[in-house]
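The following block contains the structure, expressed as structure tokens.
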Amino acid sequence: QGPLRADAEGVLVFAAASLKTALDEIAPAFEQQSGQEVTISYAASSVLARQIQLGAPADLFISANADWMDVLQEQGLIDEASRVDLLGNGLVLIAGGDAITIGEMRPDVDLQAALDGGHLAMALVDAVPAGIYGKAALQSLGQWSRVQNQVAQTDNVRAALALVATGAAPLGIVYRSDAAVEDRVQVVATFSPDLHPPIIYPAAATVPASAGAKAFLAHLNSEAARVVFAEQGFALPGG
Amino acid sequence: MSLSVRLQHDLPDISLDINFEAPPGVTVLFGRSGAGKTTVVNAVAGLLRPSAGRVAIDDWELFDTDHGLWLPPHKRRLGYIFQEGRLFPHLTVRQNLFFGRWFAPRRARRESPEKVIEMLGVGHLLDRRPAGLSGGEKQRIAIGRALLASPRLILADEPLAALDDARKSEILPYFERLRDEVSVPILYVTHSAAEVARLATSVVALQDGKAVRHGPASEVLADPSVAPAGVRAVGAVLQVRVAKHHEDGLTELDAGGTSLFLPRIPHQIGASLRIRIPAQEVILSSKRPEGLSALNMLEGTVETIRAGEGPGAIVSIKTKAGSVLARITRRSVASLGLEPGRVCYAVIKTVALAPQDVGGRLGNY
Amino acid sequence: MSLSVRLQHDLPDISLDINFEAPPGVTVLFGRSGAGKTTVVNAVAGLLRPSAGRVAIDDWELFDTDHGLWLPPHKRRLGYIFQEGRLFPHLTVRQNLFFGRWFAPRRARRESPEKVIEMLGVGHLLDRRPAGLSGGEKQRIAIGRALLASPRLILADEPLAALDDARKSEILPYFERLRDEVSVPILYVTHSAAEVARLATSVVALQDGKAVRHGPASEVLADPSVAPAGVRAVGAVLQVRVAKHHEDGLTELDAGGTSLFLPRIPHQIGASLRIRIPAQEVILSSKRPEGLSALNMLEGTVETIRAGEGPGAIVSIKTKAGSVLARITRRSVASLGLEPGRVCYAVIKTVALAPQDVGGRLGNY
Amino acid sequence: MGWLGPEELEALKLSLRVSFWATLVTLPIGIFVAYALARWRFPGRQVLNGLVHLPLILPPVVTGYLLLITFGIQGPLGRLLAEFGIVVAFRWTGAALAAGIMAFPLMVRAIRLSIEAVDPKLEQAGATLGASRPLVFATVTLPMILPGVIAGAILAFAKAMGEFGATITFVSNIPGQTQTLPSAVYAFLQVPGGEAAATRLVVISIVIAMGALLLSEFIGRRVASRVAGS
Amino acid sequence: MGWLGPEELEALKLSLRVSFWATLVTLPIGIFVAYALARWRFPGRQVLNGLVHLPLILPPVVTGYLLLITFGIQGPLGRLLAEFGIVVAFRWTGAALAAGIMAFPLMVRAIRLSIEAVDPKLEQAGATLGASRPLVFATVTLPMILPGVIAGAILAFAKAMGEFGATITFVSNIPGQTQTLPSAVYAFLQVPGGEAAATRLVVISIVIAMGALLLSEFIGRRVASRVAGS
């Protein structure tokens, strides 16, 4: 018998892949407390959202951006009442090896000069959330048009991180949470949250969700969980 | 069982138009390369669909284009012995032999495998694979495979052509045994006059897609105007009986009252045989020769003299043993004063009769 | 140019141990299937690396295992005519013919392509591909291809074995012309006595990997104890000269003063020829025969009588034309009272000498 | 395999199961399609040929998406199969379906080439000996193409072991159900510090796939020499 | 192609260029490797065979990552090539490298099978006629395997047209430099409502790849019949 059910036993979570480390740490505690089994499928938000659109038996969806959650909500596939902005995140400019830290990113920082002909690693700037936010931030700073042609776009933000970590690109724009755990990169500058639309990880139970779904969602908002998220570099809404 | 064949088919180079009834026994399709022999056999086998025609074994029709009847090959119950063997390389000799048998209706299984294996002398090869076999062995397996399918008709398309002389004389006896011991009609393709003489009950001579001559082997082969294989193929076929095996290694044959001597042949006394006497092996003498090493002399009278284009002539002599043909020079015809009605002697060397010109027990003809 | 071959090589079934020096002309490797003929040729060609040995053309060494010398095949400048043709299917006949020529050193190009194409009669095929050709045509192209590589040695491995008789007699003359018009040594593999008689300057008889006999063709073939191809291959080779072409289609040959008659052969008067007279075609007579259709009678004295195991015996008669062999029954030996020294007459039918037993101009032997 | 976590072990087992069934079920279809492409001339032959090659050419994500649309819970074929009690969506069976489809072109190509190498004259010989078309296929053609079939099957197995894009798009990445080895690798690569675990899994799949390939070369050669006769 | 935006048109052109060069440059290497695998027995032959198959078996992301490590700006081979003025990182040349490597196993398999079908006796005949090994290859083997080479090349081209995972991981997605058709498709699929645009691009790549495949069947058959003689 497969997961084609929304039964009382167990919770099937569809979560953006970037949450893997945190959720894998949080879920066991909940399983012990509640006796419910939590199964988490990690993939790109777009993939998971499409699967839910086409009938996937997920109980809980945690997206890496608001757009896909909005689409599902419009189609009535999620329980509107349960939707919460679970996490936030910030963007940072990273560099490989030893680099000077300049604190907050300012319009007068000569990003182009810093690249020195190299590439700026970002996720796809028109498709993948981290890339979309990054592009918006650079536009706000008036830097986009100058570096536009030097942006190396990857299919996910982790690949952009890897470009910088392996030295293939001198600089990159990634989530703070990604930069936090990668030893080979250093945060050069942070982007102020008002330079780009708010980075939000919305979470919601699906319409035919199991009873455990809401309990697990509540657990994700618990103090213990918040500690783990914070450790991973995520921002907490209102926190 | 008799075979009736009527075929019309256009190929890029020649068009086939053939019509013959084959009596029981071995029917030989005889003709030069490209005459259309394989095409006929393939049509009988169902591997080629002729544009018009009908083939029937007795009154069991294999196909009849007039009535839209067409049996697929596997329903025709044939044993096709291909020129190149076509043994299955992935099967052992035993599996090859039994291949057709698996598919033959149980009640139709006539041949006993033991008997066939013994007859072909392939018992020691059963567990080997075809790749390691000699050409002669392969061809024997192919014969056995066709036979064990318990066919209602055996097709053999130049089964010996790819073999050297030694192998040929090794295999030919099996076909004789097939003809004599297994009562299945055989359609046999060849362009070797020796094979025709030895095996054929009747002969269909093909030329450019047409059956130019059709009749008993002895008639067709004695006709130098047909001689599809060239003048050297002309010869007479005599019906003889084994009279005695002499101690000095010779066998004495009784040919209509006259004695003929041959190097020992492995047939029992009293056995009916046919021997082919190639016209060019016969010397004629105007008087009874003396002091010659040749042991065979047949007295007779000249029937006809046919002069060819070259220096030779074919002289037919009526003897007590039957008609004997001799190919001699026109110069000799003149110097011996030969003319129809003259008495003369046909001299035949004992050792000049090659083993493959001596046939087994005579068929039904 | 002479060829010197010394070889030792172990194969799973037989071990090869061969040593011979071949004089200029055609050296025939003669022996049964499996005797090791192809293995020897492959070693000469460099397609097989024998465990020990040396092969040299005059003093140009192809390999010498003692000195670690090994020329790769493409440096050996050979013309290998394979049993199966091995024409390149993707090239036209012209490209096939010129293949070896592309790679031959420019100054070594001896044969004129026009001459070779004309000699082989393949001019009309040049733009076709091998797939569409008949077996005989294919083999002629293979010969031309080998020739146009301007080789220092021609290897021919049973080049006629896959062909039927008609094709064989179509190709054999080309090898004669090769021997007579092109001064390249030829190593020729066959198991046909007729081919040996017609082509060979010298013969190396192989048996089970060993060279059991080696010498001029006339000697090896006249020896019934060798006769690797069976007693029917025994025959004598006579050296003759074309004396006259008669109007009745016969050709008169001069054989050491005696006349022999044959159906017209296409050689000029005065041409030197050799003819093979198969022992079994010869009839002996104790007195001068009269009234016989056979035109050829050679007077001579009995040299030796060798009785075989069967009913036959080989009688050698010394005539003015040379030694003639006759295969007759022991019974006739007795009845004619033959014994060494006796005078007797060898009778040979004019038409019994097959065209393929008549050779072209004699080689250097 | 003490150094594999339970979840990784599960992914390995699942990958083996998925690849095994993907190969096994597609094999007869692959043989049939290869035979049809090699031996029959029928209208739409080139269309079939193109369809077979499609998964090789399309980005895997697209293939996965197409599968999701057609074989998903709401897809037309998905519903049809569900009528017969066969559910592939978000089950390991779906992963097998995706893997099988992605590996199919490789399998068909290998088998087709070996069928084209079989001399139709041998099949004719089988027919004259009384074997109908299917029996000729079973007794002559199939045994002779066995090396090609084995090569095709093992290549397909290896490919199935590495399939990722279509699988995750079609059946997601559910541990124990649809999380194959490559999906697990993907998940590890999406988070910081996951490279070590990912590398471990990659090495395992390389070892298995290479083992299978070597095996196929070996079996292929043995069978080939048996078929050609020794 | 009025219904393609300028950026999409650029992606299409780039994909064609990348696939073309990927095929052209890997072809001689593929022929050489196929020949070595088919005809030579050398230590490490099976290792080479395994290496060639690796991209078929590995998840493409892993291949891309390995390429990044070795051929990237900091990678050992990347630096070596840079010494000779050849930069592949973030260039279309890198996309071609990735596509070529991903398509390589398909190419080699096709060519290898056709080499194994050539009768070595013909090559021997060429040698006895004075052609050295390379010349025998050029004048005998190569013309005879031409159908297989063409099939292999076009299959590789089609595969290269669809390659995505390794390419984007290795050279990322730089419009005009490395944004191939599949990258564009991927980008469209990431955002809600992008399906229509993605479908358009997918249809284009299918048309091109199918056209190439049909062409290969056609050419292959023509050449084969020319080689076998008519």
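Quick notes on this structure:
Going by the order they are written in, the chains are A, B, C, D and E; count residues from 1 in each one.
We adopt the following convention: a residue touches a chain if its C-beta (ideal position, glycine included) is under 8 Å from a C-beta of that chain, and two chains touch if they have at least 3 such contacts.
Everything quoted here is computed from the prediction, not taken from an experiment.
Least step count on the touch graph, chain A to chain C: 2.
Annotation of chain C and chain E: not jointly contacted by any chain, touch as defined at the top. Ranked by separation of Cα centres from chain E, the top chain is B. Counting the residue numbers used at the interface between chain B and chain C, over half appear in both copies, so the two copies meet with largely the same residues. Per-chain CA centroids place chain A at a distance of 35 Å from chain D.
Once the centre of each chain is set as its mean CA position, chain B and chain E turn out to be 60 Å apart.
Centres computed as Cα averages put chain B at a distance of 31 Å from chain C. In chain E, 65, 186, 189 are the positions where the chain touches two or more neighbouring chains simultaneously.
Within chain C, contacts with two or more other chains are made by no residue at all. Looking at chain A, one finds that none of its residues touch two or more other chains. The set of touching chain pairs reads A-D, A-E, B-C, B-D, C-E, D-E, using the touch definition from the header.
For chain B in complex with chain C, the residues that touch the partner chain are 33, 134, 161-162, 164, 166, 191, 230, 232, 246, 248-250, 261, 263-264, 280-281, 283-287, 289-295, 310-312, 326-333, 336, 347, 349-352, 354. Within the complex, the chain B residues that touch chain D are 45-47, 72-80, 82, 84, 86, 88-91, 99-100, 102-104, 129-132, 145-146, 149, 155. Interface of chain A with chain D (complex): residues 2-4, 12, 14, 17-18, 20-21, 39-43, 47-48, 50-51, 54-57, 156, 158, 161, 178, 180-182. By the touch criterion given at the top, residues 46, 49-50, 53-54, 56-62, 65, 106, 109-110, 113, 117, 155, 158-159, 161-162, 164-165, 182, 185-186, 189, 198, 202, 205-206, 209-210, 213-214, 217 of chain D touch chain E in their complex. By the touch rule above, chain A contacts chain E in their complex via residues 44, 46, 49, 67-68, 70-71, 118-119, 121, 124, 126-128, 149, 151-155, 159-160, 162-163, 166-169.
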